[in-house]
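Below, each structure is written out as structure tokens.
In what comes next, subunit A is part of two complexes: it sits with subunit B in the first one and with subunit C in the second one.
Right after this comes the complex of A and B.
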């Protein structure tokens, strides 16, 4: 049942520079994670996405978040009931 | 017949006294016209009398005295400041300005953006998210939605 989801995660994880991937639902529960992405981060990532969406409520698309740190950059994008977080090495 | 009118003037001394024929108004057309007052005629400077010259001089003196009383000579006012006095006054004025500026400093609105960061412009000046990263997350979120639905 999780195979399609796992295949998606594998495709993302195989992208050059990506060290981790996390997929969460609208309630912040982790659907699947891979690499350096910790499942406990699903709630925080979903909450951040919801907060950022309130900045521009009338926008058609949800914004893309980028959390920068010394070790990695986390890209967060939400769509309808799914929130995706991609962990990448800094450029 | 008789004489109704005669134009001959009667020059007898008895008729020097005013009578019914005495002219009340002087003749406007007369050879003995009054000469006009000549004041600044260049060609007739010789006609100015001594009294007239004196009047002009007194008028000039009156004008000069009036101008002298009305003129305000700025350069001739108080003695110029010395260097040290000038510096002292400048220092005092600056101190007064700083004291009064403190009362207005509290009224100034504090910036509401990133007040806890020492240099927010550095953080705001970083490069935005790259187009490749943007495409990465945008594309894969659709993959996830498509695969999960």
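Right after this comes the complex of A and C.
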């Protein structure tokens, strides 16, 4: 049942520079994760997405979050009830 | 300790109560807001989780560690920390992943209570 999702995440994970990818549902539960993305981060990632969306409630699309740290950059975006986080090596 | 529980509750929107009980549902430590459903705070409700945890352990996948029950208006998360049980009651719209993540934060408190209960 999760094969189409896994295939999609594999495609993202195999992109150069990507070290991890995580997909979470609206409740903050991890649907799938690969690489350095820890499943326990699903709750925090969903929560960050919800908080960011409140900054511009009238916007048509949810914002893209970019968290930058020394060891990696994390890109987060949500659509309908799914939130996706991509962990990348810093540029 | 109650103050610590209230601080933890303030971290996540929608948490109504955090209870640490024994296997019979008797509260060892309780922190609840006014919006917590009273029925869910009673030993009669909480003790059923202990039974469910024991039954879940017979499914052949090892001991049950956590149970998450999501209802129409509320969700109840339980962590099995024998002989204690940690129960969190929250709104059904609260972030379940964040609630499950609180297990690590409550770990040290539960260890201290476990030591106290063992002495008794």
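Here is the rule we use: the second predicted complex is superposed on the first by the 91 of 91 C-alpha atoms of A that agree within 3 Å, B and C clash if a C-alpha of one lies under 4 Å from a C-alpha of the other, contacts with A are read in each partner's own complex, and residues count from 1 in each chain.
Here is the rule we use: a contact is a pair of C-beta atoms (placed from the backbone, for glycine too) under 8 Å apart; a residue touches a chain by one contact, two chains touch by 3 or more.
Keep in mind it's a predicted model, so treat the numbers as computed, not measured.
By the touch criterion defined above, A:63 reaches neither subunit B nor subunit C.
In the superposition on chain A, A:46 makes contact with subunit C only, not with subunit B. By the document's definition of touching, of the two partners only subunit C reaches A:27; subunit B does not. Of the two partners, subunit B and subunit C, it is B that touches more residues of subunit A. When the shared chain is aligned, subunit B comes close enough to touch A:77, but subunit C does not. Judged by the touch definition given at the top, the superposed model places A:35 against neither subunit B nor subunit C.
Of the two partner chains placed by superposition, only subunit B is touched by A:8; subunit C is not. Those residues of subunit B that touch subunit A in the complex are listed here as 126, 129-130, 133-134, 136-138, 140-145, 147-148.
Taken together, the subunit C residues at the contact with subunit A in this complex read 12, 70, 95-101.
Taken together, the subunit A residues at the contact with subunit B in this complex read 4-5, 7-8, 11-12, 15, 23, 31, 64, 66, 68, 73, 75-80, 82, 84, 86, 88, 91. Only residues 24, 27-30, 40, 42-44, 46-47, 50 of subunit A touch subunit C when the two sit together in their complex.
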